[in-house]
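Shared between the two complexes below is chain A, which has chain B as its partner in the first and chain C in the second.
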Partner chain A sequence: MYNNVLNLLAILILISSFTLVANKRQNAYITTFRLQSLLLALISLIISVKSMIETKKFDEVIFIFLLIVVFKVIVIPMAMRKTSDRVEYKVEKDFFINIPISMLICCGLVVLCWYVVHHVEGITNPTTENYLIYSLSVVMIGLFFMISRKKALGQIIGFLVIENGLFLAAMMTTDGMPMIVELGLFFDLLTAFLIMGIFVFKINSTFDSIDVNKLKHLKG
Partner chain B sequence: MFMSILKFIFQMFFLLLIAPLFTGIIRKIKSKIQHKIGASVFQPYYDLIKLLKKDLVVSSTSSWIYNVAPYVYFITSLAAVMCLPVVYQFKGFSFYTDLLVIVYLLVAGRIFMALAGLDTGSTFGGMGSSRELLVSALVEPALFLIIITVGANPEIASTSVFSIYDYAVKNSSSTFSTINILLFAAMLMVMIAESSRIPVDDPSTHLELTMVHEAMTLEYSGRHLAFIEMGTYIKQLVFMTFMANILIPVGLNMENILAGLGIYLLKLIIITFLVGFIEINTVKFRLFSLPNYAVIALIIAVLGFLTRFVLR
Partner chain C sequence: MSSNQIAVFFIVSVILYITGALTSLASFSSSKWSNRLANTFALLASSLLTFLMICKLIYSRDVAININFNTNIPFLAIKFNIDNLSAFFIMIISIVAIIVSLFSYTYMSHYFSKKNIAVFGCLYNLFIVSMVLLVSSSNLLLFLVFWELMSLVSFFLVIFEHEKEDVQKAGRIYIIMTYIGTACITAAFVLIAAYTGSFNFTSINLQSIPQGAANIIFILLLIGFGTKAGIIPVHIWLPYAHPVAPSNISALMSGVMIKMAVYGLIRFIFNILPAGDLWWGVIVLCTGIASALIGITYSIASTTNIKRLLAYSSIENMGIILAGLGIMLIARASGNYFLLSLSLTATLLHTLNHAVFKSLLFMGAGAVQYSAHTKNMEKLGGLIKKMPIASVFIFIGCLSISAVPPFNGFISEYMIFKMIISSISHFAPSQSFLLVLVLMVAAAALALTGALVAFCFVKFFGISFLGMPRSKEAESAVEPGKPMLVALASAAMLCLLLGIFPNYAIRLIDSVGSQLINLKLLATDWSQLPSRYYPADNSILSISSGLIAILLVVLGGLLLLVVMALRKRTSIERYNTWDCGFTKINSKMQYSATGFSKSLRIIFRGFFKPARDLEITEGTAPYHIKAGRYTTSTVKFFEKYLYQPVVSNIIHFSRKIRFTVQTGSIHAYLMYFFGIMVLMLLYYSFTA
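The block that comes next holds the complex of A and B.
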C-alpha cells in the first residue's frame, strides 16, 4: 500500500510536468507548478510519517515537508503571480516548438531516461530504478521547458521544475537527504529565484517585454 | 441458464437506472462550487420523463435516417455497456466479446448521429456533425492504444473482455501499478472528450460557435431527444465502467453481489468527482486547441504502452 501510494504520487508528478509543457498561459504554468510542489510535499509527508512510525523517533524529513509547503506551494507561486501581474502582459505565442511536437519530444526524453537509467549498474531494486526514471524525466522535461519558452517567467518555472525533479530523486531513492543538504538546496533555490525575479523586472523595464529573444537587440 | 438471463436483465435495468445520475452529480458539484444551490441530482431523470411525454416535431425534408438515428444511438450505447460486466459475478452470461467491439459499437451510433445531423440540412447540424467526428477521430488513437496496452499484458494476451476481467479479478491488489495509473489518466481525458464534457465541449451551452454535440442534436425534440440524451449518459457510463472495473480493479472479486454493486457505484462516484473537479477548473478549449488535448492523452497512453514493454 505504502509503495503503491508513493508510486501513484511519483507518476502524478511526471504527468503534471507533461501538462506543464502542454500549457500556454503564464498563470497556468504557475498553477501547475504549485500542484506539482503539493504532490512533492505529500510524498515527503508520507515518507516522514512512515519513518516516524517505524523507528518511533522524530524524523527531520517533516521539516522538508513544511519547507516545501511554505516556499514552493505558497511563497514562490505568489511572488511569481505578483511578478506576472506587474510586468506588461501581452497574449502572444510563448513557445518555439508547437505543443504536439513538444509533447512528443518529452515522451522521447522519458524513453531516453529509461534507456540511461536501465544501463546504470548497481541499481538492484526495480522500484528504485522506476523512481529514478521518473525523477530524471522530470528534470529533463524541466530543461526542455526552459529552452522551449521565450518568456523569462516560463524559464524560471522550468528551473523550479528541474529542482522539483532533483528533490523527487533525493526523496524517493534515499528516503530523505540530511537536513543540512536540503536546507542548502532550498536557500540556493530561493536566492536564484529572487535574482531571476529582479532580472525579469529589469528586462521588462528595459525592453517593455519579458521576451528574452529581445535581449539580442542592442539597446542605445 | 435461467439465472444468468435474469442477471443479464437485472444488470441492464440497473445500468439504465443509474446512467443519468452521474450527469446530475456533476452538475450539482459544479453549482455547489459556484455557491449556487443547483438543480437536484435527479434533474436528468425529470428531464427525460418530461421529454418522453412531449410531442415530436419532425422536419418534412428529413429522411428515414432522422427517425432511426436516436434509437440506433441508444441501442448501440446500451449494447456497448452490456459488453462490460459491472460485477464479476455477472460474467459468463453475455456474448463472448472483445473490447474493440465496444469501440466500434460506439462508433456506429456516432456515425448515425452525424448522418442525422446532416439530414435536416440545417447549417448547425452539419457543423456539429463535422466537429463531433473530428473529436472522435482525434481521441481514437489514444483509446485504441489504451485497449491494446490493457490487452498486451503477457498474462492476458488478448483483448477479449473476459480474459481481461479474469486477470483484473486475480490482480485486485495491483491497483496503483504504473501502467494502470497512466492508462487511467489517458482514459479520463478520452472519456471527457467522448462524453462531450467541458474542456472539449460544453454540454450546457447553446451558443452556435461553441456547440459540438448539442449542434448535432439541435433539431431533435420529444421522445427522440430523450433517447439521444439517454444514449449519451450510457456512453459516459461505458467509459466510466471501463475505468472503474479494468483500470482500478479493487473489490471486483466480492462474493456478495450487493457489496460488489456498492463498490462499483462508489468508484463511479469518485470518477464523477474527478470529472467535476476538472470541469470547474478549466474552460472550454478552442476547437483548434483540441489536437493538443488529444496529443496529451495519446502521449500518456504511449507512456503506458512503453512501460508495458520497457519498464519491467
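The block that comes next holds the complex of A and C.
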C-alpha cells in the first residue's frame, strides 16, 4: 500500500513535468510547477509520517514537508506570478521546438534514463530503480525545458524543476537526507531564485523583453 | 667543509637573497636605497654561494648535499640536492650575479624617479634565487615550480619599461614561447613520472622507461629546453626580449638563464633517461650547428641594434654548447668514454666562458646605452675616445667571444673543435659513412661560424667604438660610473684568467664529470702539480697555461722592443687624414653598420632575401633627388615561413570558433551541457 502510493505520486511528478513541457502560456508554467511541488510535499509528508509511526520517534523530514509547502508551493510561485505580471505584457510564441516534438524528445529522455539506471550496478531493489528512473527523468526534462524556452521565466522554472527532481531522488532512495544538507540545498535554491528574479527585471529593462535569446547582443 | 656546513650556508644565502627582495620592497620610498639594498644583498649572497660552491667542487666533491622539508602535498616533496653538476651551475649563476650586481649599482640610477626601483630590486633577487633553487631541486614538480618562477619573474623584468610599444611586443612573444617550452617540459615530466612512478630524481629508475617512451621524452625535453636556450627554430623570443630588457637583466638572462636549459638537458638526459640511440646525438648536434651558423649570420646581417646583435650571438653560442652536448650523446651511445668525458668538459667549460664574456658584453652594451642613450649602431661611433676604460674591457669581451687567445673563448672553442675532430677519427674506421659526413660538415660549419663571429665583433666594435661619432648623443657620451667600470673590469679579468689558467676551471668540471658519468678526465694529482699539461697522458689536447703565460710575456716584450726600435727612427708629424680634396671629413663618410655587413647579406641572399627601396620625397626623376628615403630590409625567415602561417591559422580558427561555438546564446550553452550529459550517460551505460 505504502509503496504503491509513493510509486503513484512519483509517476504523477514525472507526468507533471511532461505537462510542463506541453504548456504554452507562462502562467500555466507556474501552476504546473506549483502542482509538482505539492506532489513532492505529499511524498515527504508520507515518508515522514510512516517513519514516525514505525519508530515512534520524531522525524526531521516533516520539516522538509513544511519548507516545501511554504517556499515551493506558496512563496516562489507567488513571487513568480508577480514577476510575470510586471514584465509580461504580450503573448508570443515562447518555444524553439514545437510541443509534439518536445513531447517525443522527453519520451526519448525517459527511455534514456531507464537505460542508464538499468546499467547502474548495485541497485538491488526494483522499486528504488524505478524511483531513480523517475527522478533522473525529471532532471533531464527540466534541463530540456530550459533549453527549449525563450523567455527567462522558462529558464527559472526549468531550474526549479531540476531541483525538484534532485529532491525526489534524494527522498525516495534514502528516506530523507540529513537535515543540514536539505537546509543547505534550500538556501541555495532561494538565493538562485532571488538572483534570477533580479536578472529578469534587468533583462526586461535592457531589452524591453525577457527573451534571453537577445542576450546575444551583449557579446562583443 | 662538511656537507652540513655547506647546507647551512646555502640556506643562509637563499635567505639573504630573499631579504634583499623584501628590504628592497620595504624601502620603496627611496629609489636609491632600495637599489643599494637589493644589490648589496644579492652581492653578499652570491659571493657566499660562489665561495661555497668552489669549496664543494674542490674539497668535498664526493658528498651530495641534501636539504629536505616534509610537506603534505601529494607528489611534491621539497627536496634539494646539490651534487657537483648543480654546484657547478650555481657557481656560474653566482659569479655572474656578483658582477651584474656591482654593475647595477650605478646602471639603475638612470631609472630613478622614472620607474619603480623597489619592485625591480625585489624581482631581481627573486630571479637569481629562483635559478639557484632550480638547479638544486631534486624533485620534478619542484623543478617545474622554480622553472615557472624563473620564467615569470624574468618576464616581468623584461617588461620593466612596459610603457613602450616594442617592449610589450617583446614581452608577449617571450611569454608565449616560454609557455610553449614549459608545456613540452611538463609533458615530458608527466611521462617520466608515469613510467617511473615517482617525481623524485633519486628514486627514478632508469630501467623502467621503455625506449619508445624515452625517445618521445627526449624530443619533448629538447623542444622545451631548446625554447629557453633559444635554439633555432624556437629562438624567436631571444632577439626581441634581450634588447628591450634593462642591460643588467639581459646580462643575467643571456649569461645565466638560458644556461638553465643546458642544465636541464644534461640533468635529464644523463641522470634520468636511459642511454638512447645514436640519432639523439646527431639531432642535437645538427640543431646546435644550425643554430650557431644561422644565429651568427642573423647577428651580422639583420640588425644594427647592439643588444640584438648580442642576443643573436647568444643563439650562436648556445648552438655551440648544444653541439657539444650532441657529441656527448653520440659518445655515450657509441660507448667512447674518453670522448664523452672530453665533450662534457668542453661543453661545461664553454657554458662557463659564455656566461662570463656574454654578461661582460651585455653590460658593455648597457654602459654604452647608459652614457650614449642609444642602442643603434648607426648613431654610435668614436666611443673609444669618450669612454676609453670601458672600451678596453668591452674590447676584451669581443676578443674572448671571437675566440682569440689568450682569452677564455679560445680555450673552449678549441676544445670543441678538438672534440669533433677526435670523434671523426673515432668513427672513421667504423664505416659509418653518414655519421662521419655529418661530423665533418659540423666541423666545417663550426669553423665558418668562428670566422663569422670575428666578422660580427669587428662590426660591433669597429662601428660603435672607432671612427667618428655619428650623432650628438654619441658625441656627448662620458665614461660610466666607477661601480660599472669595476664590474666590467672584473668580468674582463675573469675572461683573461679563465683563458690563461683554464686548468683550474677544468679541475672544477672534472669533479662534475666524475660524479655524473663516473669518469675522470684528469689523470694527474692536481694538488701536487698545479699547472701541468692537460690532460697529462693525452698530448694532442695539451694546453700549458704556464707556457701560454710565458709566451705572452715574451711576445709582449718583443712587440714592445720592435715598437721602441722603430719609434726612434721615425719622426711624428700630426695632420688631418687625407680627405680626397674635400673640405672636411664627416661621420657620414664612414662605413655604416648596414653597409659593413652587406657582403654577408649578398652571400646569404637566398636566406635573407635582402630588399632595398628608394622613395623620392622631394625632386623629380632618379637623377634630380633633393630628398629621399632609402630603406633596406631582410626577411626573418623562420618568423615568416614557420610562425606566421601557424599564428594566422590559429587566429583564423579562433575567429571562426567565436562565431560558431561561442555564440553568446544561453540556449546554446545550455545545449552544450545537455549534449555532454547525454553523451556521458550513454558512454557510462555502454561501458558499464
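Throughout what follows, the second predicted complex is superposed on the first by the 216 of 220 C-alpha atoms of A that agree within 3 Å, B and C clash if a C-alpha of one lies under 4 Å from a C-alpha of the other, contacts with A are read in each partner's own complex, and residues count from 1 in each chain.
Definition applied: a contact is a pair of C-beta atoms (placed from the backbone, for glycine too) under 8 Å apart; a residue touches a chain by one contact, two chains touch by 3 or more.
Here the structure is a predicted model, which is why all the values come from computation and not from measurement.
With chain A as the common reference, the superposed partners chain B and chain C fit together side by side. Of the two partner chains, neither chain B nor chain C is touched by A:63.
Once the two complexes are laid on top of each other via chain A, the angle at chain A between chain B and chain C, using C-alpha centres, comes to 140°, given in steps of 10. Contact with chain B, but none with chain C, is seen for A:11 once the two complexes are overlaid on the shared chain.
Within the superposed three-chain model, A:201 lies out of touch with both chain B and chain C [touch as defined at top].
Judged by the touch definition given at the top, the superposed model places A:106 against chain B, while chain C stays out of reach.
Residue contacts after overlaying the shared chain place A:146 against chain C, while chain B stays out of touching range. Of the two partner chains placed by superposition, only chain B is touched by A:114; chain C is not.
After the two structures are overlaid on chain A, the closest C-alpha atoms of chain B and chain C sit 15 Å apart. Overlaid on A, the two complexes show chain B and chain C touching the same residues of chain A, namely 118. The touching residues of chain A, when paired with chain B in their complex, are 4-5, 7-8, 11-12, 15, 18-19, 22, 99-100, 103-104, 106-107, 110-111, 114, 118, 126, 130, 133. Put simply, chain B touches chain A in their complex at residues 175-178, 181-182, 185, 291-292, 295-296, 299-300, 302-303, 306, 310-312. Residues of chain A that touch chain C in their complex: 96, 112-113, 115-116, 118-121, 140, 143-144, 146-147, 150, 155, 212-213, 215-219. If you check the complex, the residues on chain C that touch chain A are 662-667, 670-671, 673-674, 677-678, 681-682, 684-685, 688.
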